[in-house]
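Okay, so chain A shows up in both of these, paired with chain B first and chain C after.
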Partner chain A sequence: MTREIAVVAFAQTDHRRSTDDLSEVEMLMPVLHEVLDRTGLRTADIGFTCSGSSDYLAGRAFSFTLALDGVGAWPPISESHVEMDGAWALYEAWTKLLTGDADTALVYAYGKSSPGSLRDVLTRQLDPYYVAPLWPDSVALAALQAQALIDAHETDEPALAAVAARSRATDNPHAQLRGPVPHGDYVVRPLRTGDCPPIGDGAAAVILAAGDRARELCERPAWIRGIDHRIEPHSLGVRDLTDSPSTRLAAEKAGAFERPVDTAELHAPFTAQEIVLRKALRLDDTVRVNPSGGALAANPVMAAGLIRLGEAAAAIHRGEADRALAHATSGPCLQQNLVAVLEGDPR
Partner chain B sequence: MPEVLRAPLVVEFPFTRSLGPVQSAFLTGLRERVVLGVRTTDGRVLVPPVEYDPVTADELRDLVEVAPTGTVTTWAWNPHPRPGQPLATPFAWVLVRLDGADTSLLHVLDAPGPDSVRTGMRVRVRWAATRTGAITDIACFDPYGGAPAQPSGSTGEFADPVTGIVTPARLDYTYTPGRAQSAYLDALAEHRTVGERCPQCRKVYVPPRGACPTCGVATTEQVEVGPRGTVTTFCIVNIKARNLDIEVPYVYAHIALDGAGLALHGRIAGIPYDQVRMGLRVEPVWTEGARHPDHYRPTGEPDADYDTYRELL
Partner chain C sequence: MSKEPVAVVGIGQTKHVAARRDVSIAGLVREAARRALDDAELTWADIDAVVIGKAPDFFEGVMMPELYLADALGAVGKPLLRVHTAGSVGGSTALVAAGLIAARVHGTVLTCAFEKQSESNAMWGLSLPIPFQQPLLAGAGGFFAPHVRAYMRRSGAPDTIGSLVAYKDRRNALKNPFAHLHEHDITLEKVQSSPMLWDPIRYSETCPSSDGACAMVLTDRAGAARAPRPPAWMHGGAMRSEPTLFAGKDAVSPRAGKDCAADVYRQARITDPRREIDAVEMYVPFSWYEPMWLENLGFADEGEGWKLTEAGVTELDGDLPVNMSGGVLSSNPIGASGMIRFAEAALQVRGQAGEHQVEGVRRALGHAYGGGSQFFAMWLVGAEPPST
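Presenting the complex of A and B:
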């Protein structure tokens, strides 16, 4: 790698069950302004802009083009969009900065799940030939994975409930679900309401900068030491659902196993997925896992992965972490996984 | 805060997809009550079959029949079936490894309750009464106590193979327009057109979308524009649109309402189509109960000077 690239700022909305008083760009704009304010940059100063979102969530065609109003995209800016979690937009921005074409990048993501029925909407991302016609909803698929873990004696229901309780014990002011939350009835057995992420709306943004530009913009940049993403075979029945080889491989390529991390932000929307990720990433009890509460505290779809990168970076900015791992996922049962390793300069 | 406007929004689409040779054979087989897998180069049998090996990426074409009986590899009890799912009564989602296969198929199991389901239990395909060549030709699985069923001896070759599927999808949303668009719609209900001014560049956006795309800031100052305006450019429509009761030819125009920083579009009537011109001064015509102007008609004023609208084309 020829250029050092860092996350220099992060901002997110308060995540809410519904934002029906706001359009998508109205929800997003305050976060864009906040992240720019943190660096003193204006939109015109940004070299590359990349976003992640999905029109299916709110059912609005080309909603990402309307969201672009919020960054001042006219006259045309250098811009791109992924129909994926914003973590993958960050990956694209990182590669753009690596080429030297830009020194700064604005990455943002938003998800407004409240207008639709998220469990059903997410069935539309599945294999359209053999799977989507059965409308297996997101909780059902996660429950199949959870049962596989229970059958393999890798977890049990009390252990899953403990993951939920620990996650929601966060003091994160942006969280949608915080504090004691009833673990509830089965949604799809073995997963109870407490094992599932809250459904809600939210947005997040980060700014990346290269080299000396990063040092100018941030007192303690969160340097991206490595970042990689990998995918599982698309057929669920081919996979061992109790493991995540793609996460392990992405972590290896990102250099996560070279030295221990002190903090990990994992994108595990369902409790059982944290069990899988801890194993794949070889995280022991010395690592602080999801001090932000993770996706169990707030899961704005399409932004929740980017938020993991942002939270890990912010912990480095604040001096609370020196070497952090951030993970993002997409698709059913941890189908696709991205791992980044972030470090602050020695203090 | 004014009441949030809401409207139902249905997104409905039938996707028509063509099938590759392996998918075609598998789905045609289901229609004929035969389950086919595909053999990989290292000898594993994948069910459902895919066209390329997920590990080696080898092209796979060696079809193998497997039994309609198998073993549950994991399951999840669904107490509240959702629209579109295979059964309307509580059921178990299951991954089933059919006898003769090395991988598992996702489907559902009709069982009386979660206590009657476990990993390792034996199940058998229940065929749908009407089969078209789709994964739903398997209605569901049933608990099964017998020995592995024998394959039928199918070669994987069928008359009249299925070459494509149509998968309907419907998603229901509740549309809420947000702050800026709600204000615009509320004003329109009173036959007024209200845009929003950018606090930085002072441009007035109609209809407002809540942000200035040049400055990237929120537009908050409401500005009433029109009702009169100027045709900045136009086209003559000669093809009748389906479900639209307007005689052709007619004129569709960009109209810069007085005070607006950009043009919106509307139909021009009350003047022969071949007399509409750039600079023509127009005003909206409302019909009873309408949410938008039905069309715009000439005001009779002298045409606007080109320089007054040259930036608004």
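Presenting the complex of A and C:
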């Protein structure tokens, strides 16, 4: 009998272009307090803590160690960290709860993109011998993907603009970019400013709990029915950029295709990537996609994937969704993808 | 719900050296992974998921290198996790991989950790720029030397203890073909007359900078039953963390280390570690950390750890051998160093440690720590399956 595990609380910052006035731990701490307050738990009550962040964004080694000051890791805590988006930290915490070693977990992620040039920083993710020396930036690579989709007649520029407009029509108060936003000039053809995510800083946190503990802590827990993640080859030359087989496989393993979902939170930083993900996940027009605005409304790198899981769970907590899919991505052009299926108890 | 028992059925590491200029980063990790698979007599197709770890990305200048390494690690189409918990990461990575099996999410997992320090300069990579740190702390030695000094003052240990540890570990390394430093002409006098780097830590009492990787194949009970060689069984594993600096922190014997060991011993039903554990691979980057960790891990009472070292208890033929492989003092590919401790502990209980094998090891402890003595990861492995 597999243990039932749920997301019982979610909190996030108001995402901003720049947080020069805050250190990372100062940005993170209010979110940690908020998510704990929602459950009435204190740090000492948490069985396992796991976080996701990147030294390259922070511009210093071991940047995550300072975040522990925000957690208040005293007495010492059972804790781990992934150099990945916080969605994968949630995955690690989920496995920890499955073993029965813990009944509750605190998961958090944060990223400040503002101190550096994000487009340049992300080139350091690429093959260090053959690709990174050419400094191909994240927008240029996403543009290759968008153009491949257009060439395959799977989308066109007006359709991409519609994705952007729909995403930013959100009423999400945490969003960095919302309302009518001009679609703008080309950044890298065929992508215009409106096709690209805003660059900004932010943090998010989630609490997981198992079985009856989840029911105690949350009126309507968002049960994780399945969660899986898969990676594709790194070299863009050997991938079909118009498809996302790793997303499809992760969705299959997570049980996403067993029954339709009503809501989907997709981590698609660029408009064209939503087209790719919708196809891989077989989402039709009846599914509410990214009511939060998705990464096109706020994209704090390293936290944006965890936020998709949090937003999907929060929709279930609020009773706005019954079965939701959450997706997170990492790497150039959707190289690595995570899919989770969340459900609320019948109402 | 009980946890699935976890077995180590494959172990591989590279020959650790100052600079592996003959291989790329991908070539380095693949070499260790390939050797672990060969040891387990498995192929890439037998692996369900990959968990990789390394210390800060700045050490190679590649952001989240697991993305680029997916192909080399045979991870395409599979789940790939990347762990980073500072110096303890090699141990934490193995524990995350073991967790996937214990939770019955996967049956067989490849775990790998590496550092290719020759790609940059780790000492300066560890010396954070102003405003993050005052400009006095050059490298890890600058951070830890005052804590060693505090231990010496607190315990009253003679000044020579550190050199005994270094002399022992460097001689043990001569029996380990994978060790970085093979100092055939080492003498105690040479250790004691080597240059002072960070008083009281001398050059010969300091770990080298290495390029290296370590990999293990972990599997469930069914996988262990198919294994060609005796498996090592995990009897307990834990991680603990505490903040870097705070009023009341005991930098000499951190509570996170004590709590972590206590959790592992509880799981493994060990009440007297000194008597019930046969050998230890502990993370000793500076020689004095051997007596310090002997106390922190409960092998000696507070202030008494140096007496075990002085009496030869921790020698290869002693009553409680420590760092049979030569330890971190002889090889330090930082991100891999914790996993090497875990793997060497497993080699001992499997009886596969070669020339540095200790006879009759039934239970061995693997230990790793990192950050400002604040992140701890440990596992206890045994020759027999855990009693459930």
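Assorted remarks:
Quick note on the criterion: the second predicted complex is superposed on the first by the 345 of 347 C-alpha atoms of A that agree within 3 Å, B and C clash if a C-alpha of one lies under 4 Å from a C-alpha of the other, contacts with A are read in each partner's own complex, and residues count from 1 in each chain.
As a convention for this text, a residue touches a chain if its C-beta (ideal position, glycine included) is under 8 Å from a C-beta of that chain, and two chains touch if they have at least 3 such contacts.
What you see is a predicted model; the values in this text were computed from it and never measured.
By the touch criterion defined above, A:L32 lies against chain B but remains apart from chain C after alignment on the C-alpha atoms of chain A.
Looking at the shared chain after the overlay, A:R230 reaches chain C, while chain B stays out of its contact range. By the document's definition of touching, both partners, chain B and chain C, reach A:V121. Of the two partner chains placed by the overlay, only chain B lies in contact with A:A148; chain C stays clear of it. Judged by the touch definition given at the top, the superposed model places A:E79 against chain C, while chain B stays out of reach.
By the document's definition of touching, of the two partners only chain C reaches A:T95; chain B does not. In the superposed model, A:A140 makes contact with chain B only, not with chain C.
Look at A:P173: by the touch rule set out above, it reaches neither chain B nor chain C.
Of the two partner chains placed by superposition, chain B and chain C are both touched by A:Y56.
Residues 56, 60, 66, 68-69, 73-75, 121, 124, 128-129, 132, 233-235 of chain A contact both chain B in one complex and chain C in the other.
Those residues of chain B that touch chain A in the complex are listed here as 1, 4, 6, 9, 11, 15, 17, 19, 23, 27, 46-48, 50, 54-55, 73-79, 82-86, 93, 95, 97, 103-108, 114, 119, 134-136, 165, 167, 169, 171-181, 209-218. Those residues of chain A whose C-beta lies close enough to touch chain C in the complex are 1-3, 49, 54-56, 60-62, 64-66, 68-69, 73-84, 88, 91-92, 95-96, 98-101, 121-122, 124-129, 132, 228-235, 245-246, 249, 330-332, 335-336. By the touch criterion given at the top, residues 20-26, 29, 32-33, 43, 56, 58-60, 66, 68-75, 115-117, 119-121, 123-124, 128-137, 140-141, 143-148, 151, 186, 188-191, 233-238, 241 of chain A touch chain B in their complex. Contact residues of chain C toward chain A in the complex are 1-3, 24-25, 55-71, 75-86, 92, 95-96, 99-100, 102-105, 125-126, 128-129, 132, 238-244, 246, 254-256, 259-260, 263, 371-372, 374-375.
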